[in-house]
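Below, chain A partners chain B and then partners chain C, in two separate complexes.
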Partner chain A sequence: MGATLTYTEVELVQGLSTRDEKVFTYLYDHYSPALYGVALKVLGEEAAAGDVLQEVFVKIWRNIDRYDPSKGRLFTWMLNITRNTAIDSLRSKNHKLEQKVTDVNSASLMYEPQLAVHLSVDHLGLSKVIERLQKDQRIIIDMAYFKGHTQEEIARSLEIPLGTVKTRMRNAIIQLRTLLKQV
Partner chain B sequence: MDVQHYISSGILESYVFGMLPEEEQIEVEIAALQYPDIRAAVRALQQEKERFVQLYAITPPSVIKEKILAIIHEEEAAAGNSMELQPKPSLSDPTSQQQYKLPSSNHHTIKPKPIIHKPASKSSSDLKWKYATAAIIIVLVGSVLLNFFFFNASNDYEGRYKELIATREKLDEQKEQQNQTAYQSPSNNTNSSLKDPDFKLTHLEGTSNYEGSSIDIGWNNHSNAVLLLAQLMPLPPNGKQFHLWAIHNSTFKDAGVFNTGANMTKVWQQMKEIKNADSFIISLQTVGSTTPPAKEEIIMSGHRTQ
Partner chain C sequence: MNSQDFISSGIIELYMAGVASEQQVRELNAAIAQFPEVAAEVEAYRRSMEAYVNMQSINPSADVKNRIFSNLNNTPNLQQVLSETDNDLQPTKVVYMQSSKRPTWKWIASIAAVLLLGSLLLNFVFFNRYKEFKGYKDKYESLLLSQNSILSKSNLYKTRLEQMQESMNVIQDPKVFKVSMPGTKAFPTALATVFWNKESQQVYLKVNNLPEPKADQQYQLWAIVDGKPVDMGVFEMGDTVNLLQKMKVTGKAQMFAVTLEKKGGAASPTMEQMYVAGKIPG
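Right, the complex of A and B next:
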C-alpha cells in the first residue's frame, strides 16, 4: 500500500479537515479493505460488517479533528474506530455474556482458512502467517483484538492468572513479529 | 521508571491490541509521551498490528462506497437535517462523544430556501375551494417556516462545528504563548497558507533517542514563510530546547525555537522566515543557544521537498 501513496499522512488529515472529498475517496479506496476485513472478522457477517464500515467512514469524516497524531498514525486511529464500532455492534446484537465462553471453545475454528481473505492477500505472501501462529497465541490475539475481551475475561476463560495474560499476549506478538518478518 | 522492564512487561502489546482497562491505557499514553523508547516500541507495535490486520483485508462491496459518499454529500450540501445522520452515541467509541459536546455559538444570518408562493385562484367562489385554498396557504406558510427552521438548524450545526475547531486552535495558540512568549504564535491564516501550492512539506523522522518522533515543516519559497508541526515530539529535557535550522550552501540559518509535547501535536507553529533551504534539521541545544548546533546536537534532518 505504501508504494502507491500519493498523499502524506499530514495531507490526508488536512484534506479531511478541509472537507476535501477527493482526499476522502482516496482514503476509502486505500483503507476500506483493511477496515472491512476487521469488521468482518469481528462480526462474521457481510451485511453487518458493511453497516459498520459505513458508520466508520462517516465517523472519520465527521471527527477528523479528534484524531491525535501523538497516539499513533491515521491508520491506527481508523483501525481503533473500526474495531470499537464493530465490537459495539457485536455486543448490541445477539452476543450475550454466556456466549463468550462458547467463543473461547470455538476460537480455534475461527482461524479456518477463508478463501476470500486468502485471495485478497496472497499477492502479499502473508496468507500462511496466521496458520503458523501457535494455537494458544492465535486464541489470545483473537479474543483480545477481534472479540474485545478484557484481560480479566481472558484470564477467566483460559483459566490463567491475570498477570500471565499480558506475558502471553507479548509472546504471541513476538511470534507474530517473527512470522511477519519472514514473509 | 525502569523503561526496559516496562517495555518487556507485555503492557504495550496489551495496549496496542486494545485489551487494557481505561486507566491503564492512559498510563501507557502518558509513559509514551514521556519516554522516547516506550513511544518507539508502541509505534513499532502499532505498525505490526497494521500489517497483521492486512492479513484479513478484503474489498468491500462497491455499494457501500456509494452509500457513504451519498451521506457525506448530503451533509456537505446541508440540504436536510444533518442531525438525523449522526451515529448513535457509544461508550467505547473514542470519536462519538464529541458530537454531543458542541458549545453554543453565534447565530448566523441564513437566508431561507426561496419558496415560490402561487396566489390562489380568484375565479372560484365555491366554499369548498375556499377551504382548499386556505388549507394550501396554511401548508405553504408552514413549509416556509419549517424550511427556515431546518435550514437554520443545519447551518447552525455547521457553524458550531467550525467554531469548535476554531476554539480549540485558539486554546492551543494561547497555551503556546503562555509557555514561551518569545515564540511567534501561528497566524490566523496558517491553514490557508498551507493550501498555497507554493507551500512544500518536508517530513522529518527521528532516529536513535528520538526514534518514532516526527515533525513536518512547511516552507513557502516565494513568501519565505516557514511553519512547523511537532506532530509527535516529546518535551525537551530540562535546560534544553528544540531548534529548527535551515541549511543552504552548507551554512546554517536560524529558523527559531519551537514547542513540543502533547499540546502541540496539531498546532502549526510559525517559524522565522527562510529565503533559501536545501534541507532542514532539528537540534537539541542548551536553552538560549543561538549558535549553529554541533554535530552531536542534531537529532533530525530531511531534505526539503522539491
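Right, the complex of A and C next:
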C-alpha cells in the first residue's frame, strides 16, 4: 500500500466510472491484498487465486456503474464479488465431498502461527485474534464464509449435528466480533 | 418481533457467515429497513468480518498485477456487461452448493444446439437410407415380377416335361407297337404314327406332319377291325402335335387311318379325305 495519495470511496467510484487508470491502480494497490487473501483462502491455490483476482478486477472495472453506495460500502461490494467468483470457481472444479474435507484440513494449516508469516498485513493482529478464537470456531467460520458450504454440508463434513453447527457458528461470529473490538 | 428480539435471534450471525437461508435473508432485509438498531448491528458485524478478512491479506505476485493491467488495456469493450457478473454483484448473495448445479440458459442453448445438429444429421442419414431403400424396393418389385414370370414359365416347362416323359414312357414300353402311317396318294407328304399297347388296348397318336385344318374341321383316327372302320376319336392340332395323344382303346385292329371330318367327328370315315393310313406289321 505504498500509495501516497488517498481517495475517498466516492472519489474512487467516480474515478472508476470515468475509466481513470490512476484510480484503478490505486484501487488495485489498496484492495488487491485483501481480495487476493480471500481468493486464496477459498481456493487454497495461488494460480487459481490469481485467475480469480484477475476476473474480479475486470468485473469491478466493467460493472462499477452497477455499484450502489446506498446499499453498502465499496469494499463490501468488492468483497462479495470476490467471494462469489472464487466460490463459483471452486465449485466449477467439481470438488467431491472427500476433497472438501481435505480442503478444510489443509486450510486449517493456514491458522498455524508459523505459517502466518507469509501474511503481509496485520499478521500480528490476526495471530492475536486467532490465538483467542478456538480452532473449531475458526474452521466453522471459514467453511461457511470462505468455502461457501451450507450448514447441512458443514454438519455432514464435520460429523456434528445441525443444531451444533448453528450454535457453534453463532458463537464463533460473536466471539470474532468481541475479539476484533479489542485489537 | 422487535429489534432486540431480532438481534438476539441469531439470524445476523448466520447471515455474516454466509449460511442464512433465503427466508432468513428476506427477514433480515426487512428488519434492516424497519429498525436502525438492526442496521447498525449488521454493519458492526460486517466490519468485524471484514477486519477478519483484511487480516488475512496477502500481496498477489507482480505477475498477477501485470496480467490484470494488460488484460484491462486489451479489453476494447469495457462497458460490456457480462450476464454472469450480475449474480456476483448482489450484496447479500446466499450461496448453496446445489445452486451451482442449476442449468443456465447457456447450457440449455448449447444442449439445444447439439440436439438440433444431431437431429439434422439423423435426418440426413435417414433420408439417404430412405432413398436407398426406395431403390431397393423398386428392384425388389421388379425381381418379384420376373420371378413370378420365371415361376410360371418353369411350371409350363415342368408340365411340358411331364407330358414328354409320359410320351417317352409310352414309346419306350416294349409292349407298345409302333404303327407308321404314311401319306395317301392324295396327301403324299402327310405322316402320323400310332402307338398301340396291345395289353392295355390303349391307342396313342403322334402327328408327324398334317396340315392345319379349317376351324370347323377336325382330324379323326380310325381303326380298321376286320374290314370295318371303328372310331378311335378326334384329336387336336396346334401345339398338341408335339405330344403323344391318348385315343380310344381297341383290342383288335389290322390298320389305322386318319381322315379329315367335320368338327366333333363323323360316324363313318370320308374316304376322299383320308390323309394317312398304315397297316400293322405282321
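Just so it is clear, the second predicted complex is superposed on the first by the 136 of 183 C-alpha atoms of A that agree within 3 Å, B and C clash if a C-alpha of one lies under 4 Å from a C-alpha of the other, contacts with A are read in each partner's own complex, and residues count from 1 in each chain.
In this text, contacts are C-beta pairs under 8 Å (C-beta built on N, C-alpha and C of every residue); 3 or more make two chains touch, one makes a residue touch a chain.
Computed from a predicted structure; not experimentally measured.
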Q: Determine, for the superposed arrangement built on chain A, whether chain B and chain C clash or fit.
A: clash
Q: Would you check which partner chain A:Glu11 touches, where first means chain B only, second means chain C only, and both and neither mean what they say?
A: first
Q. So, does A:Ala34 touch the first partner chain B, the second partner chain C, both, or neither?
A. both
**Q.** Partner chain(s) touched by A:Gly44 [first = chain B, second = chain C, both, neither]
**A.** neither
Q: Please work out whether A:Pro69 is in contact with chain B alone, chain C alone, both, or neither, and reply first, second, both or neither.
A: first
(Q) Between chain B and chain C, whom does A:Gly148 touch in the aligned arrangement: first, second, both, or neither? (A) both
(Q) For A:Phe24 in the superposed arrangement: first (chain B), second (chain C), both or neither? (A) both
Q. Which residues form the common part of the chain A surface touched by chain B and by chain C?
A. 19, 21, 24-25, 28, 32-34, 36-38, 40-41, 46, 49-50, 53-54, 57-59, 61-63, 66, 71-72, 75-76, 79-81, 83-85, 87-88, 120-121, 126, 129, 141, 144-145, 148-151, 154, 166, 169-170, 172-173, 176-177, 180
Q.
Under the definition above, what is the set of chain B residues touching chain A in their complex?
A. 8-11, 13-14, 16-21, 29, 32-33, 42-43, 45-61, 63-65, 67-69, 71-73, 75-76, 85-87, 90, 92-96, 98-99, 164-165, 168, 191, 194-195, 201, 203, 214, 216, 229, 231-232, 262, 265-266
Q. Contact residues on chain A for chain C in the complex?
A. 19, 21, 24-25, 28, 32-34, 36-38, 40-41, 46, 49-50, 53-54, 57-59, 61-63, 66-67, 71-72, 75-77, 79-81, 83-85, 87-88, 91-92, 110, 118-123, 125-126, 129, 140-141, 144-145, 148-151, 153-154, 166, 169-170, 172-174, 176-177, 180-181, 183
Q. Can you name the residues of chain C that touch chain A in the complex?
A. 10, 13-14, 16-19, 44-46, 48-61, 63-65, 67-69, 71-72, 75, 78-82, 85, 87-93, 95-97, 100
Q | Interfacial residue positions of chain A with respect to chain B in the complex | A | 1, 8, 10-11, 14, 17-19, 21, 24-25, 28, 32-34, 36-38, 40-41, 46, 49-50, 53-55, 57-59, 61-63, 65-66, 68-73, 75-76, 79-81, 83-85, 87-88, 116-117, 120-121, 124, 126-127, 129-130, 141, 144-145, 148-151, 154, 165-170, 172-173, 176-177, 180
